[in-house]
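Here chain A shows up in two complexes: once beside chain B, once beside chain C.
Up next, the complex of A and B:
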C-alpha cells in the first residue's frame, strides 16, 4: 500500500489532501460578507399554510430576511416549468412532512438557527397517506405504471412449471446520508453573475438547473465543486433548497450559505424508495428455469414521479424462454426519491437473487450450480451477444476464495458454539453505460500534462483513474499529470452517475491523448526529429511552451449497438447467526468484479469495499422509519439510522477478472460503482437462510426478524 | 440564539448553591446528551454550571469499597486496573456503551443522568409525556421497537439507554448525592424511577442535588461474569436488550448471583426473582432457562417490541451460559 512516504503511482491523487484537511469542500469557502441560511420545515404532512408569522424572526438579532411563498422573489423559470417538480416557496401547499417552507438568513449560523425557531406557521391540515405497505394492498390507492409491461414468451409461465417458487420481498426507505451534509453557497452579484460552491455530482447539471430556474445564460452561473464528501446519487440533481439559496442571495444581494441538518437529509435530498416485489419462478425438476415473473412496486411522491430499473435484471440475467415483468409506482405524501447507489437493480437483485436461492433449495441444487446451469450465452432479452461476460470464471474464483466447498445445501449444517454458519451468493449487474464528454489537454514543455473536464469526483477516484489512463498513453509519470474537475467552466462532461464516468470521460482522455500524440508526431516530422522523440524535446525544438487540444469523445464504438454491455459482480458471503439472539454477523466477504479492464486498481478495490459496506447496511441495518400516523421519520439521525460501523465489516476480499471489454471503450473498462453493491443484500439473505433455515424476505435483517422468523 | 449563562466553579458547594437557587439552572459535565437536547429544543436551561473542574475524578479503593468520582470519564473507569481486576462486569458494561469518542467525554454522573433516546422525546412536534407532560405517548401505538416491556405505564414506555447503569445495578452500587444540606446515600437500584404518572422524572435526584460519587462494595463476582448487549449493529447502537450476569460458583452450585437488564425498562432492571431462584441451584442450562422464565413474569409487549419477550429470556440464558463458561 502506498503512503505519504513511499509513493505508489496507483495512489489516490487527492488522498493526502483529503486526510490532512487540505481538500476544501463546499461549506468551507469563506466569501467576504457571507451570510447563513436556515430552513423552516413543515410539521404537517399535507395541507395548506394559512399563515407564516415571521415578525419575531425578522426582528431577531442579525436577521437579514425571511423568505417564503408569501414574499418569494420572482423565479422566472418557475412559470415555464411543468407542474411536476417541487417549486420551493411557490405556493401555500404542503406536500410532505419536513418540506422546506421558509428560509431565514442571518449574519451567523447560530442567529439564523434561533430565528428559524421563532417562525410560527399555522396550517390547514389535510388527509394524507405515507403507508407504503398498506397502500400496496389497498385498491383505492392509485398506482402508476412505472415501466411498460414486458412479456417474453408466455406470461406467468412459472405457474405451470414442475417446481414453483412464488414469494414477496420487501424493503424500506433507505437514505443516502453521506457524511457531508447537503447544501450550497450562492453568490449572486449585481451584474446577474452567480457563483456557487456546490455539493454536486454534476457541475454542468447544477449550472443548467440554476440558469434555467432564473432564466439567465448558463455562462452566467459558475459552479465550483472540487471535492464532494460522498453522494451515492443524492447529489445528482439540484434540489429546491439550492434554488432557495440562490433566490436568497439574489434577493438580499449577499452571498448566502445553506447547510441542511442531518434530519433534513431525510426529507429534502431524496432516498432509495421502499419496494414491494413479487417473484414467481418456475423450473424443471432438473433445474432449468422455465418462467420468471417479476412484479415490483416502488414508493414515489404525489408531486413528482420517480421510477428506476427495478425489474430490468430479471429480463436477461437467466435463460428463460418465458419472462414477464411489471413495475408500478405508488405516489405517497412523501418527498420524491432519487437514484441511490445501484439504483433499481440493487432493489431488484435482492428479490430475484433471493428467489433464485429459494428455487435452488427447492430443487436441492447448489445455488451456484443452479445459476451456472441457467446462465445465458447471449442476452435473451435483446437476442445479441454480451460485449464481454466472465461470470463463470468469477464464480470459480470467488467460490474458491471463500471456501464454498464447505457449504452444505442443507441449512443449519455448520454450527460453531452458539453461532450457526452459512454461505450465500448473489449476482449483481448494471448497464455499462458510456456518454459523451469533452476533455482539454495541455501538454507543456516542462514535461507536464494538464487535463481538464467539468466532471465530478464524489469519491471513486476520478482524477486518479484519468491520470493513469493518460500516463499509460503518453508515457508520462502520474505525478506530472494534473486532472482538473469540478468546475463548470471546463469542457463539458455529464454528471457522475450510473457508473459511467471512467468510461465516458476516460474515453475523452484517451482521445485527447491520441490527438496530442499526433500533434507531437507532426511537429517532430516537421522539425526533422525522430517520430519517437520525447514531447519535451519536440516542443522545445519548436519553441512552443505548450500545445492544447480539446476533444469531444464519440459516444460509442459504432459496433456497440450489436452488443449488450453490462458490468457484473458476484458477491460471496459467510455469515454467523446467533442461535439465541438472532444477531447476524457478516464474517467473510469475497466480491468479484467482472467489469472489464481495471484502470486504477487501488481506487477500484476501494469502490468494491465501499459497496460491500453499503451492502451490509442494506442487508442488515439501514431503514428510515416513518410513523405513518404523523408522516414523520422517527430515526432521522446517525445514532438511530444505522449505517454499518467498522466492527460490522470483516476484511473484504476483492477479486477482479481484469479482462478488457473489446467493445465498450478504448480502455476496455466497464463501470463498477453500482455493481459493488448490487446483489450484496441477496447474498447475505441467502447466507442467513443457509445458516438458519429461516428465509427473511424483508430488509433489513435485524435480530428481531431472525429470532421471530 | 437562545442565550444562556455559562458559569464554572472548582468548588462543589458553590456549584450546589448556583443550581439549587435557580430553577432554570442546571449542571453540565461531558454534555454528550445535554447539548443535543438543547440543540433539538427539548430543553433550554438559562444557566449552565460547568462542573468539569470539581475535584470528583478519583477512583480509590477504601475499606474494600470502590469509590468512583462522579466526573470520572467512562473510558477512564473502563481502563482502571482496579475495575478490571475486581469489577470486570462494570468494565464490560462500560465498553459496550456508545462509542470510544463519546466514552472519552461522558462522565459517570452524566451517564446516570442521560435521558431516554425515544424518538418522540426528541421530536418537539410529536407527543411525549416525558418532554411535555399531558401531550400523550407517541410510542404507544407508534414506533416502539426499542421500548420497554417491564414496569411500563400508560403515560410512557421509554427505556433508560445506559449500559454502565445496568452493570452498576447488578453490583449493589450506592450513589452518594450532595445537596446544600449535606450528603445522602441511596442504593443505585433506587436511583432511577419507573415512569408511572410522572415520566418527566427520570430519577430521584432533587433539584440542586449533585451526584458526587459511587461506592461499590468489593465482592467475589469477578470471574463468572458477562455483559451481553444485543443491538442492531456492533457499536454505537442502543441495546435491544442487554444483560449483566455475574455468578459465584462453588462445586458446581451457585452461591451468589447478580442479574440486571437494560433496554427493557425505564430504569436498569434488576432481576431479583431470577436471582433468588438461582441461588443455591446448580449452574445448569435447565436452571438458567427456568430463571429466565421467572424473570419474564409481568413482561408486556407493545407490538413492535413483542420480540423482546423472546429475546430477553434468550439473552439471559446466553449471558449466564457465557458467564459460567469463563474460567
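Up next, the complex of A and C:
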C-alpha cells in the first residue's frame, strides 16, 4: 500500500482511519437533503409550559418546522400507558432545567441555530429542589431505598470495636463529557423504514428503543454506529432527544441531523450522581477488621429512579464477620443520571478506601500491610472462592514499582522544596461479567476471515481485541482479519458496558473460530487431506469460495455459579502538594490490573492509562456546580468544568498480572474498563493525607480544601 | 411585502437588507419584485447579499465560495466542504478538537469565522499525509496508541505538528504545557506525549 509505516499486530485495526480523519462518526454521514435540528430548552427548573410562540422561528429563513408538544406528531409507544418516563414533546410539564421542549429544523445549521433563538416560551413556575447535600439532612425530602439493606453478622458492629473510624465522604455530580457531542441523524422513509446514524454503546438497544417508541418492527430500524467518539456510559441509553429527531424526520419527511451543544451535554445525557456516604469501620488493636458499615445516598431524578452499586464492594473486599450496607436515592428536580465509568463502585471505593486508610493511620499501620492483613481468601459475602484473584502479587509488584519503601507512615515526612510529597494506595474491583452474543464468521479461500457482530467500540479497541483472539485461534495474521461492528443488522450482541465486551463477544469469536476449524477439519478429512492442512488449500480443493458460521455463545461456563468472578486493580500514586498554594499534582502513577489474561496488550494498557486520567479528574478537578437558586449548572463548559489536560497527567506505569482466569471465558480474560478508574480517587486522597496530614473527604480535592483542611 | 411584516420580533439586520434591497428594486421594476416577494424569491435575493465571497486554499486546493459571515471555519470545513476529519467538540475554543493550521499556525477553527480566512491556506488532518504515506506524527500516534475513541485525534495531531514546528517540544514538561489546549477524555495523554517526543527526537522534516 505504499506506506512507509510498519504496522504491529497489536496496533489498532482502525488506527489509520483515526489518524487520517477518515473514520466517520455519526454526524459525518452526508445524506441527500439533510436538514439540521437545534433544540430549545427550558429555562425554568420545574413547572408548566403555558405558551410557545414559534411564529417568528417558523417564518425565519430556511426553517422547515418547529416541533413541540403543541404540534407533536403521534408516537404510538408514547400514546400507550407506561413507556419512557420523560416523553419529549408529549408533555407541557418541565421536570428539570435545560429540558428539551422544542426542536427547530432548518436547511442549514446556522439558520436552525438562529431560528431556535426566536422561539419564545412562557411558563408557570413551580417550586423545585436541586440541593443534594441539604436534602440528605432534610427529613421532609423523600429518600427512596435504592437497594435492599444488607446485613452480615451484627449490624453496626464497628461501634463496639477497639478502634473505630466513622466518617462522611461526599462527591459532586460528574459528567461524562466524551469529546464527541451527542446527537443522531434520523432518516424516516415513507415506507416506515428508518435509518439512523447514532452515537451509541449498543446498536441493538438503540434499534429496540426506537422500534418500541414508534411501534414498528425492530427490523424496520437500521442503526449505524461504526465509530463512537467516547461514551463512558452516557451512550448506554437512547435519550429523548434522539426520539425527538426521529419524530422530526418522520414529520418533515426529510433526514434530520441533531448535534447537541456542549452545555446540553450536562443536562440531556446523564451524569455520575452526586453521592454522600457514611463509613463506619471497626478493628482490633492489632489490625483485624471487625465491622464495616456503609450507608450511601445517591442523587436521582423525580421522574425516573437511578440506582448503582455504590455499596457493593464493602460487602466482600475485606474480611469482616460483620458488615451492613444501606443505599438510598434522593430524587431531585434534575435530569436522570446514567452509569459513568466504574459506575457506583468508583463512588463507593473512594469512601471505603479513604476509610481504610484512615483506620490504618489510627492503628499506626502501613496501609498496604493493613489491607493485606484483611484480604479475604474467599468471597465473604457469597461464601465461595474467587475464580481468580492475585491481589497480593499485585500489591507486591505495584509497591516495588512506585518505591513504596520510600513512603513514611507519618504524614508530612517528605519535603522537596516547597512541595510536600506523599504516597497513597487504593484498590478497585468490578464484576467480571459475561453476557450472550452472536458472531458470524466468514472464512474465505483468499485467506481472509470476516467476523461480524452488532457490538460497539467506544474506544477500548473492540475490533483489535477480537482480531487478536481470532488470529491466535485460526493462525491467520491480524491484517487478514476484519471485524465488523456498529451495525444493527449484524448478529446480535449486548451493549458495550460493564467491562463485558471482550468477555462476551470474545467468547462468541472463540466459539465461531472453533466451529470454523472443525468444519475445515471435516472438509479436509472428506477430501483426503492432512488434518493440519491450511484452510485456503482445503477450501480450494473443495471448490468453496468461503464457509460461514454463526454462533451464539453461552452466557457462562456451567461451573461459574460456584465462583465469585471479579477483576481487581491496585492504584499507587505519588502526589506533590504545594505548601503555599495547596495545588496537588499527581507526580507518579502505578496501576496494576488483575484482569486475567491480557488479550490485546497495547489497547489494554491504554485503557488502564485512560482510567488513571479519569481518576485524576475525579480526584482533583471534576465538579458540575449547580446554582440551587435556579437549578442550573454554572460551569457547563470545558473552560469551567475541568477535565484533566496534558499538563495534569504524568507518565503512567501499567502492570498486568496477566494470568488467565480459569472460569470466566475461554480466553481467561476478565474485563478492565471499569477497574481502571475504580479506586483511583481514593489513592489520591490517601496520598494527599500522607503528604499533608490533611484528610480531604470531599471530592474534588481543590487547593482551597487543602489549604483550609 | 406581507412576508416581511409577519416577523414580530422586530427588524433584524436581515430584514433591513431585504427591505432596502426591495425598495431599491421597487423603483426600477415594481411589479416583478412584488411578485418575487410573494413567491419567497426575496429570500433567495437577500441570501445573495448575505453571502460573502471567500477565496481560500484547503489542503492546497483552491476554493472560491460564497458563505454567510456567521459560518465558522469549522462548520465550513465539516458541513460544506465535507472535510469531517476536523472535529467539533465544544464550539467554544475550549477543547482543541477542531485544530487546523491556518498559514501554518494552529488555530481553533470553531473560533474563526470562515470569512476571516480570505486568501489564507488551511491545512486539515486530511491534508497531512502524503498520499498513502502517513505523516510521521500520524504513524507515531498509531505506534504509541495515542488515542482510543479517536475523536480528539485529528486536533491532537495538528496541534502536535505545530508544537514541534514552534519549537515547543524540547521536553515532556514543555510538550505537556503546549499541548494542554487539546483535551482527550479517553486519557491517552502519556501516549500522545511519547508520540510527539519520538517524532521530535527523530528529527524528520515535518
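Basically, the second predicted complex is superposed on the first by the 701 of 709 C-alpha atoms of A that agree within 3 Å, B and C clash if a C-alpha of one lies under 4 Å from a C-alpha of the other, contacts with A are read in each partner's own complex, and residues count from 1 in each chain.
Convention: a contact is a pair of C-beta atoms (placed from the backbone, for glycine too) under 8 Å apart; a residue touches a chain by one contact, two chains touch by 3 or more.
Owing to the predicted nature of the structure, the values given are computational and were not obtained by experimental measurement.
Student: Chain B versus chain C on the shared chain A, clash or fit?
Tutor: They fit: once the shared chain is superposed, the two partners occupy separate space.
Student: Which partner does A:645 reach: the first (chain B), the second (chain C), both, or neither?
Tutor: Both partners, chain B and chain C.
Student: Please indicate which partner A:611 is in contact with in the superposed arrangement: first for chain B, second for chain C, both, or neither.
Tutor: A:611: touches chain C, not chain B.
Student: Now for A:593: first (chain B), second (chain C), both, or neither, which partner does it touch?
Tutor: It touches nothing on chain B or chain C.
Student: Who does A:240 touch here: chain B (first), chain C (second), both, or neither?
Tutor: neither
Student: For A:486, select first, second, both or neither according to whether it touches chain B, chain C, the two together, or no partner.
Tutor: neither
Student: For A:110, is the partner it touches chain B (first), chain C (second), both, or none of the two (neither)?
Tutor: Touch partners of A:110: chain B and chain C.
Student: So which one touches more of the residues on chain A, chain B or chain C?
Tutor: C
Student: Given the touch rule stated above, what does A:679 touch, chain B (first), chain C (second), both, or neither?
Tutor: Once the two structures are laid over each other on A, A:679 reaches no partner at all.
Student: What is the contact status of A:14 with respect to chain B (first) and chain C (second): first, second, both, or neither?
Tutor: In the superposition, A:14 contacts chain C only.
Student: For A:625 in the superposed arrangement: first (chain B), second (chain C), both or neither?
Tutor: first
Student: Quick check on the superposed model: minimum Cα to Cα separation from chain B to chain C, whole Å please.
Tutor: 5
Student: Let me check the overlay on chain A: which residues of chain A are in contact with chain B and also with chain C?
Tutor: Touching chain B and chain C on chain A: residues 110, 114, 637, 639, 644-647.
Student: If we count contacts the way the header does, which residues on chain C are in touch with chain A in the complex?
Tutor: On the chain C side, the touching residues are 3, 6-9, 14, 43, 46-47, 68, 70-71, 75, 78-79, 82-92, 94-95, 97, 124-126, 128-129, 131-134, 138-139, 141-143, 145, 147-154, 157, 172, 175-177, 179-193.
Student: Using the touch definition up top, name the residues of chain A that touch chain B in the complex.
Tutor: My answer: residues 43, 110-111, 113-114, 117, 418, 578, 580-583, 585, 620-621, 625, 627, 629-630, 632, 634-635, 637, 639-640, 642, 644-648, 702-704, 707-708.
Student: Which chain B residues qualify as touching chain A in the complex?
Tutor: So the residues of chain B touching chain A come out as 1-2, 41, 117, 119-120, 122-123, 125-126, 138, 141-143, 145, 228, 230, 232-238, 240, 307, 310-311, 314-315, 317-318, 321.
Student: Note which residues of chain A are touching chain C in the complex, please.
Tutor: Where chain A meets chain C, its residues are 1-5, 7-8, 11-12, 14-25, 27-28, 30, 55-56, 59-61, 108-110, 114, 118, 176-181, 227-232, 259, 261-262, 458-461, 602-603, 605-607, 609-614, 637-639, 643-647, 649-652.
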